[in-house]
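One chain, subunit A, appears in both complexes that follow, with subunit B as partner in the first and subunit C in the second.
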Partner chain A sequence: MYTLGIDIGSTTSKCAVLRDGAEKLAASLALGGIGTKGPAEALDGVLKDAGLALEDMAAVAATGYGRTRCEQAGMQASELTCHALGAHAAFPQVRTVVDIGGQDAKVISLVGEGRMRNFMMNDKCAAGTGRFLDVMASVLQIPLDELGSRAVRAESAAAVSSTCTVFAESEVISLLAGGVDMDALAAGICASVAGRTAALVKRLGVVPAVCMSGGVARNDGVRAALEAELGEPILVSPDAQLFGAVGAAIYAYKKAT
Partner chain B sequence: MSEEIKKHRPPPDPNSAKYKLGQIAAKAYSDAQAAKDRGEPVGWCASNFPVEIPETLGLAVVYPENQAAGIAARGGGARLCEISEADGYSNDICAYARISLAYAKIKDAPEQNVPMPDFVLCCNNICNCMIKWYENLSRELNIPLIMIDIPFNPDYEVSDGELAYVKAQFWDAIHQLEALTGKKWSDERYREVMEYSGRTSRAWLAATACARYEPSPFNGFDLLNHMAVMVTARGKKEAAEAMETLLKEYEDNHEKGVSTFRAEEKYRIMFEGIACWPWLRVTSTGLKSRGINMVTTIYADAFGFIYKDFDDMCRAYCRVPNAINLELSRDKRIKLCRDNHVEGLLVHTNRSCKLWSGFMAEMSRQIGQACDIPVVSFDGDQADPRNFSEAQYDTRVQGLMEIMEARKEAM
Partner chain C sequence: MTVQEHLSRFEAVAKDPAGQLKGHLAQGRKVVLTAPVYTPEEIIYAMGLVPMGAWGGDMELRRSKEYFPAFLCSIVQSIVELGMAGAYEGASAIVIPSLCDSLKVLGQNWKYAVPSIPFIPMTWPQNRTPDYARDFILAGYERLIRDLEAATGAVFEEERLEEAIRVYNDHDRAMRELAKVLAAHPEVSAAQRSAVFKSAWFMDKAEHTAWVTELLAALREAVVGPKKLPVVTTGVLADAPGITALLDEYGFTVAADDVAAESRQYRTDTPEGGAPLERLARKFQAMDCCSVLYDPQKRQVEHIVRLAKDSGAKAVVMLLTKFCDPEEFDAPLIKKACDAAGLPMVQIEVDRQMVNYGQARTMLETLRDTLTA
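Entry: the complex of A and B
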C-alpha cells in the first residue's frame, strides 16, 4: 500500500511517498510554501521519483500551515502529530522533538510509538524561529546555510537579544558597525535561537532522547548551542526537514489500515 | 448568505432562558440610560465591585468591562484601542482599559453605547490595572472615584484582619455614595438584594455544574454570553428567575439527551482565561468543528457569589479568582476539571491580562500534571483583535484534539 504525505509549510513544501507506512520510496522538497507553486512542484517531484501517480495512493494526508487547503489530500493532521510520527520513524528512542520551522517553534513530548503526549509552541513573536535566522543572514549578507558553519568555528559568541527579531536586527547592525567578528555574530545569532527554544523545551521537560526536525535542524550552530543549553545530545537526521511529510504519510497509512 | 440564514431563524422563545437573559443584559444598559435621561446620577462600575451596594441604593450603573467586551465582540476593539494608543496609552495595557478610556474621550461607539458616568466605582480584586484605569476616568471626566482596595490574598482563608479592612471600605463606599447621590441605604432592601443575588448565583453555579453530565447539556460558549447577567444584574429578581430557568433547561436537556452543543461531543475541555471576544466565533468554531466542547471555565463561575450576611459578602469578594493565590486558584480549577470529566485544558494567554496569564504557565502545568490531561495554550487578547492569529490557534487546537484522540485510541 502506498501513502503520500504533503507538508505545506510557510517557506517550503515537502512530500513523501511510503510503502506500507514504513519504507520511504521517494521524497521531495520545493521552495515556496502556502500560496506559492511550491506545493505543486513538491508533489510533481515526489510522484515522478516514485514512478507513481496520485491514483496509486491508498491515502493522502496533508500537514503544515497549508494543510486545510490541499485539494489532493483526503485527510489532514497537524504538523505536531506528523513531526512526532516522522521523528519516531527515524529515531524510535526519541521522546522529545524540537521542530524549528520557518514561522514557529514546537517542542513535542512523545510516548511510545510516536504518540504525542503534550506539546508547547512559541508565542506570536518570530524570535526563535527560522524567520529570525533568515532576517539575520540577510543583515550579515551571507547565505542562510553559512550561519551554522560560521557559528561552530567561532571562538566566542556575541551577545544577541532573543526578545524580538526587530530589536535583534538593530543589535546585529550595531555590532557589525562596531567591527565584531562575523563568526562571533553568527554564533550569537544561533545561541539566541537556541536559548529561546531551550526555554520551551525546559517548560515541557527535557526527556531524552532529543532530536531536531524542520529546516533549522540543518543548522549546526543552533544544534550545538541547544545541546549546550539542554545538556543533552541532539539527534539529527539528514531527512529532518522531511519529518513532517513522512509523518503525514505514516498518519495516512494508520488511518487507511 | 447571512441574510438568508437570518430569515430562516425561528423567532426566539420569550420563555427561554436565552431570551430572558438577553433581555436582562440589554435592559441593564437601557435602564441606566433612562436613569440618566431622568437626571439621576449614573455610575461606571468594575465587574467585581460589590454590585449589591449600588443595587441596594437604587443606583443605575453600567460595567465598562462588559461594554468593552461587547464593543470588541462586535468588531470595534481595534478602532477604540488605537484611539487610546494615540493618546499615549501603551498597547501593553489591558484592552478593556484602552477601549473604555477611548470611549470616555469620544463618548460614542455604535457597537455599545452607555450613558456617561457621574461617578466611578472601582475594586481591584480583579486586577490592579483597574486602579489607574479608573483614576484616569475620574480625572479625565472630572468625577468622583470610589475605590475599594481588596489586597491579593496569599492564604487560603480570608483573615479577620482582611475582613475588617475590606468591610470598613464597603461601608465607606456606601456612605460616600449616600452623600454623593442623596440615596439612602436600607438594610431591608439589602437583605432582598442579597437574597436575589444568592438565588441568581446558586442557579448559575448549578447550571454551570450541569457540565458534569456526559454529554454536557450545553455548549460552554453559551456561558460566556449568559454571564453578562451575572456581571451586571445578579442582584435583581429577574436575573434570579432567568437563571433558574436556565438551570431547568439544562436539567431538561440532560433528561432528554439533548444539548445546545450542536455537534457530537467527542472531547471535553476546560477553557482558561477571559474569552477572546473579537474572535469568539473563530475560537468557538475551531473547537466545535472538531467535536470539542468547552464544558467548563472558571471565568464563568467567578461571578457566582454565595453568602449569608454582610460579613460573608465581604469575604466572598475577597475570594474572587484573581485575588487569590496560585495554589488555591489551581485547586479550584482541578476541582472543575475532575467534576466535569475534562480531557484537556486550553489556555488563552491573554495579552491584556498580565495577572491571569502570568500565573498560567506554572498553574496550567500543575493542573495538567494533577489531572493527567494535555495542556495547550494560544496567544490572544480579550478585546484587541491584533493579538490573535487564527492559523496559530487552529494548529494548537488540532494538536490538542489529536492528543486526546490518541489517548482514547490507546485506552
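Entry: the complex of A and C
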C-alpha cells in the first residue's frame, strides 16, 4: 500500500511517499509554501521519483499551514501530530521533538510508542523561528545556509536580542556598524533562536532523547547553541525537514488500515 | 419554539449590539455602558437605566492608537476605537472600573477620546475582603450614584435597588443553570453558547432571564446530540467567531467556562440581609477566582482544575488575551496545576485584532489528536 504525505509550510513544501507506512520510496522539497507553486512542484517531484501516480495512493494526508487548502489530500492532520510521527519513525527513542519551522516553533513531548503527551507552540512572533534567521541572513547579506557554519566556527557570540525580530535587526545593523566580527554575529543570531526555543522546551520539560525537526534542524549553529542551553545532545536526521511529510504519510497509512 | 429557534434569537442580539442600543433608546430608556470586568450594574438598573456591556469588538485598531501604545490590551483599545467611531453614541455615560492598569488607562483616555459620553469611575479596593474595604466600596458606590444622577438626570432610590438585586440574582441563577444544562447538550455549538452569554450584556436582565428560562425549558425537552470532546474554556473573552468555529470544527463542546465575560459574572449572588447598598458591597467582597480580583492564595488556579474535573472536561483551553497582565501572570500557575492534575491544557493567544487563526487551528487540532489517540 502506498500513502502520500504533503507538508505545506510557510516557506517550503515537502512530500513523501511510503510503502506500507514505513518504507520511504521518495521524498521531495520545493521552495515556496502556501499560496505558491511550491506544493505542486513538490507533488510532481515526489510522484516522478517514486514512479507512481496520485491514483496509486491508497490515502493522501496533508499537514502544515496549507493543509486546509490541499485539494489532493483526503484528510488533514496538524503538523505537530505529523512531526511526532515522523520523528518517532526516525528515532524511536525520542521523547522530546523540537520543530522550528519557517514561521513558528513547536515542542512536542512523546510517550513510549510515539504518541503525543503534551505540546507547546511559540507565541505569535517571528523571533525564535526560521523567519528570524532569514531576516538576519539578509541583513548580513550571506546565504541562509552560511549562518550555521559561521556560527560553529565563531570564537565568541555577539549578544543579539531574542525578544523581537525587528529590534534584533536594528541591533545587528548597529553591531555591523561597530565592526563586530561576522562569525560572532552569526553565532549570536543562532544563540538568539536557541535561547527562545530553549525557554519553550523547558516550559514543557526536557525529557531525553531530544531531536530536532523542521528546516532549522539543518542549521548547525542553532543546534549546537540549543544543545548548550538544554544540556542535552540533540539528534538530527538528514531528513529532519521531511518529518512532517513522512509523518503525514504514516498518518494516512494508519487511517487507511 | 425549538432550541435552535431560541438560540437564533440570542445570536441575533449578540451580533447586533448597535441595534440593541437603538432599541433601548427608542423605548425612551437611557443606556449606561459598563466596561470590563465587574461593575455594579444593579445600581444602574435600579435607577431605571439600561446597563449595556462595552467589551469592545473584533476590528482593526487605528484611531485608538492616538491614545494608547501598541502593546496594550486590545479589548481596552477596541472600546475606545468604537467610542471614537461613534458606535456608542446615544449612551448617557460609561462606567469604567479600576480593576487593572489597562482599565485605569482606559478611563483616563476616554475623557479625551470620547468626550460626548461622560466617564464615570468605579474605584474598587484591591484588598476587598477586610471590613474596612466595605466602607471603601460604599464610598465608591456613592460617587457612582452621584455621577450617574448628574449624567442621566435619573434618581437613585434605595428601595428600588432591592428589586434590581432580585432581578440580577435571578439572572445569575438562570445563567448558572444554563451553563450546567448546556454541558449536557453537545448539539449546542460553542458559537451558540457564546452568543447566549454575550447577549446578556446587551439586554435588559429581566428579559434575558425570561429568554434563558424559555431556552432551558426547550432544552429539557430536546434530544441530546452525539457526544463531543468536553473542555473548559478560561480567559477574559471567548466570543471570537474564529475561535468558536474552530472549537466546533474539531468536535469540542464547552463543558464549563471560567471566562470573565461569561460565567465569572454569575458565580456570586448578592447576599440577603441588611441595607441593599451594603449587600451589594458584600457581593463584591465575596467574589473570587478571577485574575483581576486580588488573591494571594491564587484560588482561581485550583478552581479551574476543579471545574474541569467536576464537569468531566478532558482538557482546558486557555484563551489568553495578549497583553493582559493579570491573566498572563496566572497562566503559568494554571498550566502547572493542570499538568499536576494530568489535565491537558492549550494556551491560545487571542486579541481583538485577530485575523489569522492558523496557530489556534493547529493547537486545537493537535489537542483533539492527543485526546483521541
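One rule holds in what follows: the second predicted complex is superposed on the first by the 257 of 257 C-alpha atoms of A that agree within 3 Å, B and C clash if a C-alpha of one lies under 4 Å from a C-alpha of the other, contacts with A are read in each partner's own complex, and residues count from 1 in each chain.
In this text, a residue touches a chain if its C-beta (ideal position, glycine included) is under 8 Å from a C-beta of that chain, and two chains touch if they have at least 3 such contacts.
For clarity, every value in this text was computed on a predicted model and none was experimentally measured.
Chemist: Both complexes share subunit A, so when I overlay them there, do subunit B and subunit C fit or clash?
Modeler: They clash.
Chemist: Contact-wise, after the overlay, does A:D104 reach subunit B, subunit C, both or neither (first, second, both, neither)?
Modeler: The answer is both, since A:D104 touches subunit B and subunit C.
Chemist: Counting only touches as set out at the top, which of subunit B and subunit C does A:Y65 meet: first, second, both, neither?
Modeler: A:Y65 contacts both subunit B and subunit C.
Chemist: Looking at the overlay, what does A:T81 touch: subunit B (first), subunit C (second), both, or neither?
Modeler: In the superposed model, A:T81 contacts both subunit B and subunit C.
Chemist: Looking at the overlay, does A:F119 come into contact with subunit B only (first), subunit C only (second), both, or neither?
Modeler: It touches subunit B and subunit C both.
Chemist: Just checking: does A:D56 make contact with subunit B only, subunit C only, both, or neither of them? Give me first, second, both or neither.
Modeler: In the superposition, A:D56 contacts neither subunit B nor subunit C.
Chemist: Shared contact residues on subunit A, subunit B side and subunit C side combined as an intersection?
Modeler: Residues common to the subunit A contacts of subunit C and of subunit B are 65, 68, 77-81, 104, 115-119, 121, 123-124, 203, listed in rising order.
Chemist: Given the complex with subunit C, which residues does subunit A contribute to the contact?
Modeler: Residue list for subunit A touching subunit C: 65, 68, 76-81, 104, 115-119, 121, 123-124, 203.
Chemist: Mind listing the subunit C positions that touch subunit A in their complex?
Modeler: It is residues 322, 332, 335, 339, 344, 349, 358-359, 361-363, 365-366, 369-370, 373 of subunit C that touch subunit A.
Chemist: Would you pull the subunit B residues touching subunit A in the complex into a rising list?
Modeler: 349, 361, 365, 368, 374-377, 379, 387, 389, 391-392, 394-396, 398-399, 402-403, 406, 410
Chemist: Write out the stretch or stretches of subunit A touching subunit B in their complex.
Modeler: Result: residues 65, 68, 77-81, 104, 115-121, 123-124, 203 of subunit A touch subunit B.
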